[in-house]
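Attaching a single structure in structure tokens format; questions to follow.
Letters are used for the chains, namely A, B, C and D, taken in the order the chains are written, and counting of residues starts over at 1 for each.
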Amino acid sequence: MTRAARADAAVHAPGTVVEVRDTPVPYQLASRAHHPADTLITIRPGVELGGRRVLLMGGPCAVESEAQLMAAAEATARAGGRVLRGGAYKPRTSPYSFQGLGAEGLRLLDLARRRYGLAIVTEAMDEEGLERVAEVADLIQIGARNMQNYSLLRAAGRLHKPVLLKRGPSATLEEWLLAGEYVLAGGNGQVALCERGIRTFAHETRNTLDLSCVPLLKALTHLPVVVDPSHATGSWPLVAPMARAAVAAGADGVLVEIHPDPEQALSDGPQSLSLPQFAELAASLPLIARAVGRHV
Amino acid sequence: MTRAARADAAVHAPGTVVEVRDTPVPYQLASRAHHPADTLITIRPGVELGGRRVLLMGGPCAVESEAQLMAAAEATARAGGRVLRGGAYKPRTSPYSFQGLGAEGLRLLDLARRRYGLAIVTEAMDEEGLERVAEVADLIQIGARNMQNYSLLRAAGRLHKPVLLKRGPSATLEEWLLAGEYVLAGGNGQVALCERGIRTFAHETRNTLDLSCVPLLKALTHLPVVVDPSHATGSWPLVAPMARAAVAAGADGVLVEIHPDPEQALSDGPQSLSLPQFAELAASLPLIARAVGRHV
Amino acid sequence: MTRAARADAAVHAPGTVVEVRDTPVPYQLASRAHHPADTLITIRPGVELGGRRVLLMGGPCAVESEAQLMAAAEATARAGGRVLRGGAYKPRTSPYSFQGLGAEGLRLLDLARRRYGLAIVTEAMDEEGLERVAEVADLIQIGARNMQNYSLLRAAGRLHKPVLLKRGPSATLEEWLLAGEYVLAGGNGQVALCERGIRTFAHETRNTLDLSCVPLLKALTHLPVVVDPSHATGSWPLVAPMARAAVAAGADGVLVEIHPDPEQALSDGPQSLSLPQFAELAASLPLIARAVGRHV
Amino acid sequence: MTRAARADAAVHAPGTVVEVRDTPVPYQLASRAHHPADTLITIRPGVELGGRRVLLMGGPCAVESEAQLMAAAEATARAGGRVLRGGAYKPRTSPYSFQGLGAEGLRLLDLARRRYGLAIVTEAMDEEGLERVAEVADLIQIGARNMQNYSLLRAAGRLHKPVLLKRGPSATLEEWLLAGEYVLAGGNGQVALCERGIRTFAHETRNTLDLSCVPLLKALTHLPVVVDPSHATGSWPLVAPMARAAVAAGADGVLVEIHPDPEQALSDGPQSLSLPQFAELAASLPLIARAVGRHV
């Protein structure tokens, strides 16, 4: 086999185990072979994911109040972020934890969007919620716990809104791409993938951020790839280095949790950057983006 | 607790589980608390690990021949690398695989050092080998499989040569630092740590590169941290993106496998960069180093 | 601390990491402290889960045809099994795989129940499906991929049918019990847990069967514990040894995939026992049950 | 493919990933194909491993004192155990932990052997220690941390004593068998394998006991398989259920940590059975052994 041929094999199937396969990959619409050019998702006019510009997304884990959300939105816009994150419906491990503000959270996200000109990304947890969320969100998040909730994926396939599909904590890339295939096969071609850490033995971080999935996904699929260093590490001092590493690895966007007062956050405070810390991170990204032929 | 105090707690113990501990960390000499300033290791005069300069190390997995090693050494020097890697004694999963050239490999490494002015890093597999390797190596590698070979670690503690301690594929940071503590406690303060991927369910790469360990180790210890993206990913197309991400994450050095003819390599060909690919990688690193306040 | 006190601590929190906690466990209704006696679930009159009798459940992965299901049902009944499994709605990794017979599958399950006097366990994938499934099923399975589908769990909490909650492939016991807590908190106290393998680096089996969770759950919770050795191993020659080990470890039931013609199965053939193999397994269980003070 | 042919393929390669391979397994002497009959190891006259009799091995983690060891030895013999375990040289994660009594520990093991007629299993940590340990031990343990210490394995291959090779915490079965192959290829055919838990995300036990490896190894290799439920779980209340499950799964022996006063143990107290608890466990094993056609 020539070096060129070997390179190709390795790009499309780099692990030793996968290399022995001669069967085609089981996803079709998601594969790079099916659609060689990068998919460019227009989240809202002027806000694109998947092009030369690396998209910066910030915001709180959960929408808690108008004051909290507006402060985060203002900081996001000021730092050059184009997308505001914030959960209105929160999937929580315990039924006794804060479950989000619900409809009131959506109202506040809509307000922030109009006030700061930001696109909105927020999570839908079920088919009924999908419709409500789609009225406000520019990008609909399907969370890690629901990555293989096929009824939800099928419903998302019938939408005309872009979807941000988070990786399940123990999903292989193939399973993740097949989950995306459920949405694509339903007729919705606007799917982006978000790595947010996988579950490993390494308990000194909340999850293990699998950054090598970024260049590997770029070989396997045409869909944009986003990295969430906040959920991946669970620890704010690690967020900025990992956001920088994500851009260096070729990510199309980074999704960062920020909070005007992390110590008082109702959820995920330990992994949230303060607003000045977020500004500092944002200032460090353009040079790294330039090193990989992109801009922020 | 104030934000400053919380920051400190999070830096030293970012995982949810670890945060509940109030006991001191079990390593002492390796801890940042014991030695607040970064340790700077002088591998050979003018070649330092742990300072502002990010150290680039390249070379083949195994020394195979004079021609192969000299070609790799020349390419390493030309790309700005200061350290040449190459295994003379190879720990191989199978007893029937190529086990390295042994003494002849050491002779060739010594020749490359004199010819190209590079420092040498190579592995010692046992106490007897440690003495032979120490005659040639400037930096002695203790491999991932031997990370908890305490007899070998104790012997390394009696040396007057720097040690590069690779992380075991399922070692926690605490176990890794305690392995380093065996060397430090023996009187050898020149220990660097090398992340080379951990073993997880994710079989689409050889291992999972755990880059978040870099900033976390920087908080926990004063020892320099190196990243080996070649063993971590097992796939050459992923090596350059991960090397760039490692520098962005704050690594003190990167260790990259290169080969003049990867298809003919006796070991680890699929994860070796060709010499032009290595030159291209090296050219992309300075801008990233600058973004994190360093140079190459 | 006395031996008795230490024993108690160890039973409720055996891992080294967990032992340092002094906070109460976050689940309440599911905890052994809340409800010291074992919960006994009456699946249908005379078919109980959680008592001295170990419940044997068999059946195909998916309902494929009347002939296939009736053959499996007859073999299950003949072997002493009391519950028939069979999927009508199948959550499949790929949208292009066989997705189950749907309503026709439910009709056939109902037929098998009446013909062979077996209780039926089958999966519901979403809230809408829950209602349809509940009309036929005696025990409603919530699958591993939906373990943290909180909308589905809440809907299950409003049912008056027992629920079999499979463990997510990377769920900790605490997360699993909290998922059960969603059902319990909704008012449905009839929840059983089913271990079906966790995702680890060990790729020589489909998943890694975590049998030590059985005695650990028995200490932590009053809910019955079932083991599915078929999905856990993915390989029929391992199913019988693991079913025996599950009973020896204290499981309240075992759930085994069987097929009249495994080579022709539309899903999971490689992990299905043939009908004679199932009979042989069933014959070996009573002696093991007796060794742990139970019967089959 | 006929059912018989498929069965064979599944036995020798049960995971989905492995099934695609058509290359022979990379180990030779260890493979069932090379040596179809079970290997029977005579540890000392009358004490065999690998036959119909399941071998019970007990003893403390570390030899601490004559009184402690003799009490454990007496309890082991009384419970029907034939082999006494006890560490004289202890590989400890921290250099500051108790490292074992060394030569004095070996002297006490020798004393216990003569006094109670038990065979001795104890660990050798390095090549120098191997010779000292071989003078006393009937079965030489190579610990999990040294599973891929090839210099030690090669030295063990030159011995005329049986070797108990523990599985590394993240070793695949193939890597483990290849480690055994190093010993076999050196000329020592008396190798037994010991499963002691693997490292997974599941932190509620010390490790995750992988019992499905027992029947899988029985298909792949002719070497005897032992299970250590103490290190696997790290929690004494889980030890007896897992020892029973191991026998039900087909293990050739179980290795159990016991201590006359677990609360005062210098190492691994939380996972040690008290002497009465061990007697109770031993009494429950014969019935399970009988269920799988064996005796204790």
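Simple rule for what comes next: a contact is a pair of C-beta atoms (placed from the backbone, for glycine too) under 8 Å apart; a residue touches a chain by one contact, two chains touch by 3 or more.
Please read these numbers as outputs of a predicted model, since none were measured by experiment.
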Using the touch rule from the top, work out which pair, B-C or C-D, shares more C-beta pairs. C-D
With chain centres defined as C-alpha means, what is the inter-centre distance between chain B and chain C in Å? 45
Chain C and chain D, separation of their C-alpha mean positions in angstrom: 31
Mark out which residues of chain A touch at least two other chains, giving numbers and ranges. 17, 170, 199-201, 203
Classify the chain contact graph as line, ring, star, complete or other. complete
Chain D touches which residues of chain C in the complex? 1-3, 6-7, 10-11, 13-19, 170, 172-174, 198, 200-206, 208-216, 219, 232-238, 241-242, 244-250, 262-263, 270, 274, 284, 287-288, 290-292
Chain C residues touching chain B - in the complex, by the definition given at the top: 17, 20-21, 23, 170, 199-201, 203
Okay, in this complex, where on chain B does chain D touch? 17, 26-28, 91-96, 125-129, 145-146, 148-152, 168-170, 175, 178, 181-182, 185, 199, 203
